[in-house]
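Down below are the structures I want you to see.
Two complexes follow with subunit A in common, the first pairing it with subunit B and the second with subunit C.
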Partner chain A sequence: MFYIHQSSCISHQPTFNDVDLEDLKPSENNLIHAIEPKYENVPLGQLRRMGRALRMGVGTCMKLLGTHNVNGLLIGTANGGIEDSIMFLNQIHDYEEGRLTPTAFVQSTYNAIAGMVGMITVNHGYNATHVHRALAFENVVLDAAMLLKENLDNSYLIGGVDEISVKNHRLVTLAGWYRKEPVSNFDLYKGDAAGTLSGEGAAMFIVSNKSEGATAKLKNLKMVNSNDEKFVQEQLSLFVKENPGKIDLFLQGENGDNRLLKYYTTCESLMSGETTVARFKHAFGEFQTVTALALWLSANVLQTQKIAQHFIKKNSATEFNRILIYNNYQGMQHSFMLVERV
Partner chain B sequence: MDREQEKLQLKQHIIKYLNLLHVTPEEITDDMPMFREGLGLDSIDSIEMVVMMEREYGLKIENPKDGRDILQTINSMMDFIEKGRAAKAAEEKA
Partner chain C sequence: MSKIVVTGIGIISPIGNSVAENHAALQAGACGLTSLELFPTRYATLLKFGEIKTTNEDFKKQLGVTAKGVTRTTLLALHAFQQAIEDSGLTGEELQSADTALINGTTIGGMSESENLYLDANQNEVGSEYISSYNLGTVNMYIQQRYKIGGVVNTFNTACSSSANAIAYGARLIQNGFAKRAIVSGTDSLAKFTINGFNSLGILSSTLCKPFDADRSGLNLGEGAAFLVLEKEEDAKGKKIYAEVAGWANTNDAFHPSSLSDNGDGPYLAMQEALRVANLQPEQIGFINAHGTATENNDEKEGIGMKRLFETVPAFASTKSNIGHTLGAAGAIEAVYCILNLMHQEVYQNLRFEKPIEATGLTPVTGHTKIKLEHVMSNSFGFGGNCSSLIFSKA
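For the complex of A and B:
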């Protein structure tokens, strides 16, 4: 598909400046909030109007675009600036559709991140935002791969971002997808309960067809929509056959929700005894574009040849050359990504 | 509330509405230009301030051209607020 050259990530762990994944940072009040850095490359006048998703998205993009020029920007987000959207809707109600300001509306649209980055960097190239819920980032990957097939010498900035919204979190908790009882991310996989911990974050990548100077290669991607774990397993089996070779690390999105465990165990059963199995949602939380952070983690593991102990479920491999990422969201939207060492 | 206290409250509203997290009310002087070289505000901020005037003081800036003069400094905004209040009071009396 394409090579990953540079990446940046904002999450609950120290992933932005000095990356340190050894010591897991604890969740607070069942939330895995991103630690926002000081945004040095974003104009202050614009920063003050931005909500969390916009700040994280623009901040991660600008870290990469400070030194790099790209031919287009592709962002995936399931909810965009949902907190500002809710704020704007409340203002419509409170002020009876009058006395409304544009900021909360303008800043909360899905395409505000790619649009804002395009304006700051004066990038007139391809500018797209994909909003396919939990496959938003995967569709960004697919779009970038197609663009790179047509434009061999181009490079693109791709990424995924979503934020925790207090009000939306309440609704999703009522729907039963987040834990109601207090639980720490240290104990996310223990016990037998429904629901998980909510997370947020952003991860951006500069990608191209050039292998020189790359940190990893995204070899292939597959998306599946199904709630049948046997069908998902069959699709993974086909994906593995289409991309033969030893899988050193199976990085899966288990999230402590007992209703979703069957998908991960059936897929994990396809891996050989030589494959290390690792999980990432205790570190980043559950959100629709978390696979962007899983890809960032994979690129980091391939480059450093290290993975912190708290990620490991089953330890086998000593060298990491090929990583298979499997994630599913609420038992319906599944994706497989194969990442290789360069 | 005297004019000085009113000015302080106006500055606090501006900071809140425009999310000027790095600015304190003391840093905004009464004759500091709000736009460009002064506080560095822009056209989106001016819309926010027009809405602020309406929500916090019940005063509408009907003509956008008037907005340029009204929103120039803290002093000019205070003049507009005081004139607006006086006009309202006169209306109520009549």
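For the complex of A and C:
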């Protein structure tokens, strides 16, 4: 599909400046909050008014665009600035639909991140925001792959971002997807309980058709919409057949929710004994665009040829040339991404 | 490259529940803008709205919706979806096939349930039935699950150009071999959230909007949905072909979060790029369905963009004078209107126009006119600088 060049990532782990994934940072109060860095290349006046998702999104983009520009911007986000949305909704209530200030409304629009980055970098090119929940980032990847078939010499900035906000956390908790009892991310995969830990973060990549200087290659992608684990397994089996070769690392999105474990075990059973199995949601938490962070982690593993012990579920391979990422969100939206060493 | 053609269309808007009703209303110069009747807001009688006068309960009965948590945005979409797939004759097997894509554009999604979102986010101890519906993916999640759509499923948000980009994405999925057919759409419903949002920006009109008029006073919000079935020309043999989707473009104005630049850079670049993709010259465009929201900013800057690109600006009009600005649905609804332009070789009146904007001197179509059309363009611009243009060609 395409090559991944520069990347940037904000997460609960030190991933933005000096990357250090060796020691897992503990969750707090069942939240896996992103550590926000000091942002550079973002006008301060604008930064002050931005909500969390917008800051993380614009901040990760601007780390990559500080020195050079791209032909277009593609962002995946399931919730955009949802905290701003609800803040604005609360203002509507509190002031009984009186005269309101538009800041929260304008910033809550899902496309505000791509729009803001386009404005700061004066980028008149392709500008897309994909919002299809847990396939938002995957559609960004597919869109970028098509753009790079249509425009062979171009490069694009792609990525995913979502925030934990107080209100959104409340909604997902009411819907029954987060752990009710206190649990540490160190123990996320132990026991037998429903629910997971919520997370947030942003990961951005500059992608093109050029192999020179690339950190990884995104070889292929498949999305599946189904709640039937047998069907998902069949689709993965097909995907593996269509992309033959040894898989060194199966990086899967297990999240400690006993209702979703069947999808991961069924898919994992297709891997051979030579494949290392690793998980990432204890480090990044659960959110719809976390696959962008899984892709960032994959590129990191392919480049450094190591993966910290806390990610490992089953150890096997010593060399990492091909990584298969499998994720599912709430048992309905599934994706496979195959990432290769350059 | 294969031609991408439209083989099915479906629409619901403030001027009609079907393609035929919309066509008759456009020919008659009907206006669907009224006071708001179906939900309480302080602005119900203070502003004009393009409201579809069917309640959610009636929609649910008509559409056979029994599931909980289905919001108005999804109901409008479902109405137009059913028309489009029937029109194109898509079978259940085709819908479930892995090469059928489903792409929607929306800006409000499940947040049309503004009251329930407020309660769930602030007070409720037990979530309402809409607890998992407050996002933009909710429309296509429901349609995908109900009809078991087997291919790529996506939701686009580029504010008011969302469904123009959904159409382009569907066309590109087919051209790049990621789908054999694409069901592409836009949908949005009126909501307290957007009414107050646009009101906070001071761009809603208390009177019927007057796109491209010197004395325009802002936009009227509307609601609706439209669906198109896209296929390759060679796969559509024996089917009714409405039009070709010949060109598309997505550019950014890169100027301001909520208004267009003085030179109309984004609109200019979008129209120019769509012509390049369609391999057409400006003079081959016979009509433009303009974005034409009737705000002070848009109509002037869009006009400036058109004048930069076209030596002689072609006939143009804004159907927002009939139905208001349907936000994420606008691109898809106006795509259906462009198809009607091409099918019937006619253009429809830009209602209530009196006096040209001084900076452009442009006059839109002021009456229902028969006209020879080969290629028509549709513009959709949104917050965040998102500008898109589509070109449809006669089948």
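Convention: the second predicted complex is superposed on the first by the 342 of 342 C-alpha atoms of A that agree within 3 Å, B and C clash if a C-alpha of one lies under 4 Å from a C-alpha of the other, contacts with A are read in each partner's own complex, and residues count from 1 in each chain.
Please note the rule applied: a residue touches a chain if its C-beta (ideal position, glycine included) is under 8 Å from a C-beta of that chain, and two chains touch if they have at least 3 such contacts.
Everything numeric here is computed off the predicted structure, so don't read it as measured data.
Undergrad: A:V131 in the overlay: touching subunit B, subunit C, both, or neither? Say first, second, both or neither.
TA: second
Undergrad: Looking at A:T304 after the superposition, I want to know if it touches subunit B, subunit C, both of them or none. Which is it: first, second, both, neither?
TA: A:T304: touches no partner chain.
Undergrad: On the A-aligned overlay, A:R99 touches which partner chain: subunit B = first, subunit C = second, or both, or neither?
TA: It touches subunit B and subunit C both.
Undergrad: Would you check which partner chain A:G45 touches, where first means subunit B only, second means subunit C only, and both and neither mean what they say?
TA: Touch partner of A:G45: subunit B, not subunit C.
Undergrad: Which partner reaches more residues of subunit A, subunit B or subunit C?
TA: The partner with more contacted residues on subunit A is C.
Undergrad: Does the superposition put A:K149 against subunit B (first), subunit C (second), both, or neither?
TA: second
Undergrad: Where does A:T265 make contact in the superposed view: on subunit B (first), on subunit C (second), on both, or on neither?
TA: In the superposed model, A:T265 contacts neither subunit B nor subunit C.
Undergrad: Just subunit B (first), just subunit C (second), both, or neither: which does A:S211 touch?
TA: neither
Undergrad: Would you tell me the residues on subunit A in contact with subunit B in one complex that are also in contact with subunit C in the other?
TA: The answer is residues 99-102, 106 of subunit A.
Undergrad: Give every residue of subunit C touching subunit A within the complex, in rising order.
TA: Interface residues on subunit C, with respect to subunit A: 41-43, 107, 111, 114, 117-118, 120-122, 124, 126-127, 131-132, 134-137, 140-141, 144-145, 149, 152-159, 165, 169, 172-173, 176, 178, 192-193, 196-197, 199-201, 250-258, 265-266, 269, 382-386.
Undergrad: So in the complex, the part of subunit A that touches subunit B is made up of which residues?
TA: So the residues of subunit A in touch with subunit B come to 44-45, 48-49, 95, 99-103, 106.
Undergrad: Give the list of subunit A residues in touch with subunit C in this complex.
TA: The contact residues of subunit A facing subunit C are 73, 78-80, 85-86, 88-90, 92-93, 96-97, 99-102, 105-107, 109-112, 114-116, 118-119, 121-133, 135-136, 139, 142-143, 145-146, 149-150, 167, 170-171, 174-175, 223, 225, 332.
Undergrad: Could you pull out which subunit B residues touch subunit A in their complex?
TA: Listed in rising order, the residues are 17-22, 40, 42, 44, 47-48, 51, 54-55.
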